[in-house]
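Structure provided below as structure tokens; questions to follow.
As written, the chain order gives the labels A, B and C, with residue 1 at the start of each chain.
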């Protein structure tokens, strides 16, 4: 029994990361139709920042979290200003925005990933943090994985709260439902868009920071998360943050069980399989209204 | 009683919680010229999306020339002779006017070999619409009014039996609206097509068509001769209500 | 250029290039080979993705599939069979995947095709480990360099010719219609689903066949080296620089980029890729139509200049 609990919990823990990354991507794509295929690279940057802070400055990774979030947020503002703002201004249609932002972020992905290779090399890096085992209800986990889960859930809930209970958040949610109505709301999109973009990257960075506490890191670690995040968004329904959260957990659990019965190498195949099946049954996503 | 060219039976289109089209029955016979009017948000364009296969209805049936096409993709509707225009002209901007019209001829128009002779060539269609001189002009370079005509031309290129026209007179001057109405009459009279016409310029439509269906908040509230519909209290109230709140 | 002229031009170029193994040094030959490979990859990519605007980032996956068809098949089948077979397997895979994801928005499609490379790589690794009990493979009985060169030349020429043929066909018109306004094209009778799947599979065929052909250049084949996202990136970049809506554009720019890659990549692997990434970003932001789009702009400017000059000479400019 405890084995299944461990498996399910393990899936939820992975799912927590998926959720955080997906929520970030959802904000960017849902609000601004920016398909940021380099999203995972910023997760990687968050991981490396935390690792650097820990190994060089001996800072506790948990304390690094807000710092990483802020750094990635600032970086997001810059990236938006340099790379995406012009697209929003000059693209003739929504499809053009999507296509161009995709290509730009494709270039960005190679740029950032190889900058990381240049800076830190291809070897796996890592550090040990809270690696002691903990026992809950007969199931064993390493403490850092529980911490990862806790913070991932916390970050997601904080964001959900911001979106549901603040005026700005409600406006963002409304705009994600109806992009054409955006102009009618009295909020300056010139300020809102870069901010939301920055928040998205900050979330990715936080996810990376959390991952660095448990796993080894490498410049290529972020790539698979972008694809998975998109799958999660599709599962949860585009524009739905709650859907991204629940979809992330769901995918994590399905993957955990699927990998157990087949093989860890088939993780991607499983994700794609789930994706296609869900799309066939419910084209608008599991949780779309 | 001959079977209708196009029949919508109890068609409902739902977007999540919003019901855009609510149990609409509409049967249009061969060579009929029918108008569809209604206040903003009445569901007229959504109905057209259902009639052309762009949207699958949430419930109800769509029968074209006796064949049940409910749920089929748009190209099947086109192959069965349903062609449409869009509210804002969606021409292929980079292609010439002639290529735009020829597009329909190459695809849906091909399968409809027993269509009308006047629809046989792109040049013929352009002539019919008065666009003969613009044949080699890129569609993006035409004036909006001419793009509207080209939009119709593209639909005619598909050699349809049934033509769905969505607000083809929007934003035109009174004289242009009149010319459009005459063109639509000619499409029915000379080309022998069945025409369903959505319009906001109600007066011109009422003078032109033989029958008017009125949609309000997704439901059909009237379907009769123009002069009777004009006097229908429910119709007056639907439009009056819009004017008061406008 | 009429279709017949382009065929003649391509065949002529093909004949000239066919003489290369006997006229060029080994190094130069290798260079031309890389150029031809990217030319074939890019032109076939543009055939689908340039026309329909469905950006496929799956080139690496198809290329790798083709390479593995060679890896698995070369021991028992002749080279002349594995190459088209690699193309066919890739095309079949593309058709299957396309049927599942081509009805999605372009952005979704692009990201999912990107994940395909990872997916296939994992699947092949798993298969090799579980059933073949190996990580990589060594290829023996490899065909001569000249054979490889001529095969790749043939594939590149075929890609170019197919590209021109498609563009002047009804199929190509359908693809262009999808790129211009997919819904509109549907209402005019185009079965967009089948058309897209066919276009996607056709592009995949060439990528797979090229992968199968080039695989023999590696003595040791393993998933990580064969499924390299750089191939997909380079293809997209070349097409973007050259202008994805023409055939000449990608051809010309593939020559430039193959040369650049060959000279710089080994010396500055990371810096080179950083610069390429930056190049793509700048290109999309400031020149979305590629270098080829400068051509009409240049011509228009020259025409306007000429008109102004004529007016000055004619005298009496209006206020």
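Observations on the structure shown:
Everything that follows uses one rule, which is that a residue touches a chain if its C-beta (ideal position, glycine included) is under 8 Å from a C-beta of that chain, and two chains touch if they have at least 3 such contacts.
Computed from a predicted model, the values in this text were never measured in an experiment.
Overall, the chain located most centrally, as judged by its C-alpha mean against the mean of all protein C-alpha atoms, is C.
Ranked by C-beta contact pairs, the top pair of chains is A-C.
Across the assembly, the mean Cα position most removed from that of chain B is the one of A. The mean-CA centres of chain B and chain C are about 42 angstrom from one another, to the nearest whole unit. Centroids of chain A and chain B (each the mean of its C-alpha atoms) stand 45 Å apart. The distance from the centre of chain A to the centre of chain C, each centre being the mean of the chain's C-alpha atoms, comes to 31 Å. Across the complex, chain B meets chain C through its residues 52-54, 73-75, 77-79, 83-84, 86, 90, 92-95, 103-104, 106-111, 154-155, 157-158.
Within the complex, the chain C residues that touch chain B are 170, 173-174, 176-177, 180-181, 183-193.
The part of chain A that touches chain C in the complex is made up of residues 29, 33, 35, 37, 83, 86-87, 95-96, 98-100, 102-104, 106-115, 117-118, 223-224, 226-227, 230, 234, 263, 265-269, 272, 275-276, 279.
Every residue of chain C that touches chain A in the complex is listed here, in rising order: 53, 55, 57, 100-101, 104-108, 110-112, 114-115, 118-119, 122-123, 125-126, 129-130, 229, 233, 236-237, 240, 269-271, 273-274, 276-281, 284-285, 288.
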